[in-house]
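Both complexes shown next keep chain A, but they swap its partner, so chain B is in the first and chain C is in the second.
Up next, the complex of A and B:
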């Protein structure tokens, strides 16, 4: 495999962006650079022949994380009475400290580079194993097969982590909150038009990505994040969402992804003597069912995480929370 | 140099820059950005290593692991940010210095 000039240029841009995004004084610029960095990383994933990861990176890793950061920054800046002091993002104390730290980390990088250099340039991976077991897995996309069948246990725990983080975010915030109602004093027309025109399309694309995960890059996480995008736009454009553990429906929605995965694992374990070992004839349907429930769960979880990071869950009053005049 | 080696090197450099940024800068949001950058660097290294297969197609198992890794990194970031927002709401602190200052003020 020869190296394209594009790869060199992309690598240089990525390194430059990383250095700049951590270095600029303005946090807003930093976060925007982070989003751009994420999109270019998605390009790098395509160059490395990983289209599934490119999708996940573009949707969740770059866009969603950037939105979470922007929400947190917006909350901090809207509440701060002090003018943003510049010294807060400047290097700590002495020059000697920073220079010696730079030398130490560069040395660590050099050792990592040497370790990588010793690894063989070509090696036989698990590609053949995955492809030979693919017909029994129930899907045609090898990455989906690995995620939901061969290494389904990892995905089970990953969905468990999402549930755990939702519970933790609720634990940090007001428990009397019932419904989040954001109403902008000046409703933005562009945002309203964006919502009207794009949310049906986004829902459609989300469900298509869920369906396409069986034979092409796609899957539950990308679909869930797309649907979460609709929810986040609703929160930003003015809407009521019942993001609270008080409703049985919401508790059900948060937990259904993890719960359905465990239930399927136990039920097939009865038949095949191993937890999460699908019988090959049923694998396709079980995988799709798990993916549907996981998508719903992931979408609700990500919208709630957005609300948690933006300070929307920090309610002081009971019942309905009106976030007045706050343009998100 | 193959494309896999180039991206592995890039991944290492991004990781090191992120690590340096995590230690040096004070503002919490900047630290969280640095943590995300470190994670991205490691993922790039892992996928570059997965692309070394004899034959054309890469190894799908590290792809699945990095997919899981990205989602878990986003969850952790969301939790850290919720903690930061809550901490700011309670004490007004955005750096460790602010926290120490607040604790000192509370003592008096």
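Up next, the complex of A and C:
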């Protein structure tokens, strides 16, 4: 019973946080509120007994997206020499617009509330079907089975979206830059020592989460986010990473997740099986192979996103552009 | 509830008190540097107490070792980020003074 009260309070806090996030004029404050909001959503996922999704939300949805926002804000401020960035007022301020939008939103909220009120007491979802088909899927974790086997097509398209994101980041930034070598102003010995001591552990935990995805909360996205964390810390501490489309190796790394998924999907199909229908005897190995390549791709994509959002990919006066050979 | 659950509950309570103290310090201290003091020190000690409480409740040695490792890693990372924030704040103050 007390747990119910906690859920109600959590829901009210989430609504309050959202209101404040949109109301506050200072962008830094709303970004911090966004990070807190993401962490509380992860807590809500845990209340719904979904640890995998809570992991992904806390790492990617809250922490990584918050870092991207903060990096972009810092880049804007450094470029325009203002101390803090204020949100401009909404373009449309007419009273009719405000009132009609309020009525529409309240109506939608009311309908959603009615739907939730009328939900049956017992779950009539696909839980039973998923658990009964679990032995054939090749993994012991039902979430991984759903993501990579039963609904593999969705994950395939998600990884394709990540590849599109990398292309978009490079399209919006200068592509002349070959290796990022940040200036001495950014280098920090404490961060370098921290990375020196802890990045082996972080890489190990990342690959362990990849391996554990088969039987416990984990998987490709969580492992990729962990490895991306190492890359982002390296960039923040003044390291240099070869983030560019000019290297064959980097093009390979960006594309291998999507490509391996498609190849596996095509190669398993024959007269009796469809695209992406793994044979049950090989399912475990196929899923693991797809997850390994997806992890590498996801990590590289997230680090490139960070570099793009923070302005590190643009050739600026305090970055040294070094041109290495034609290809690595 | 048995005696060890009472002990665990009291440790959790003390940990939460330290977290509240840290949050209070964050709101009330005048300066970035003193706020960093309140955040890193009070929050880490609060986390240590919470982990002690969880470990007493769980009673398993391997879980306890993992939790202590989590605590040590959080201390590392919060100390590093505290240093970086203080360095950035110092740089901003120096730029404002010039």
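Brief remarks on what is shown
The rule is simple: the second predicted complex is superposed on the first by the 272 of 328 C-alpha atoms of A that agree within 3 Å, B and C clash if a C-alpha of one lies under 4 Å from a C-alpha of the other, contacts with A are read in each partner's own complex, and residues count from 1 in each chain.
By definition in this document, contacts are C-beta pairs under 8 Å (C-beta built on N, C-alpha and C of every residue); 3 or more make two chains touch, one makes a residue touch a chain.
Keep in mind the model is a prediction, meaning the values are calculated, not measured.
In the superposition on chain A, A:194 makes contact with chain C only, while chain B stays out of contact range. Touch criterion not met for A:204: it reaches neither chain B nor chain C.
Comparing chain B with chain C, more residues of chain A are touched by B.
In the superposition on chain A, contact is made by A:165 with chain B only, not with chain C. Of the two partner chains placed around the shared chain by superposition, neither chain B nor chain C is touched by A:9. Touch criterion not met for A:266: it reaches neither chain B nor chain C. Residues of chain A that touch chain C in their complex: 188, 190-191, 194, 197-198, 201. Chain contact summary for the complex, chain A toward chain B: residues 1-4, 7-8, 11, 14-15, 18-19, 21-22, 27, 30-31, 34, 37-38, 41, 44-45, 47-50, 52-53, 56-57, 60-61, 64-65, 68-69, 71-73, 75-76, 79-80, 88-92, 98, 101-102, 105-106, 108-109, 112-113, 116-117, 119-127, 130-131, 142-143, 145-147, 150-151, 154-155, 158, 161-162, 165, 168-169, 172-173, 221, 305-306, 308-311, 313-314.
Residues of chain B touching chain A in their complex: 1-10, 12-21, 23-27, 29-30, 32-34, 36-37, 40, 43-45, 47-55, 57-61, 63-68, 70-79, 81-86, 88-89, 92, 94-95. For chain C in complex with chain A, the touching residues are 73, 76-77, 80, 83-84, 87.
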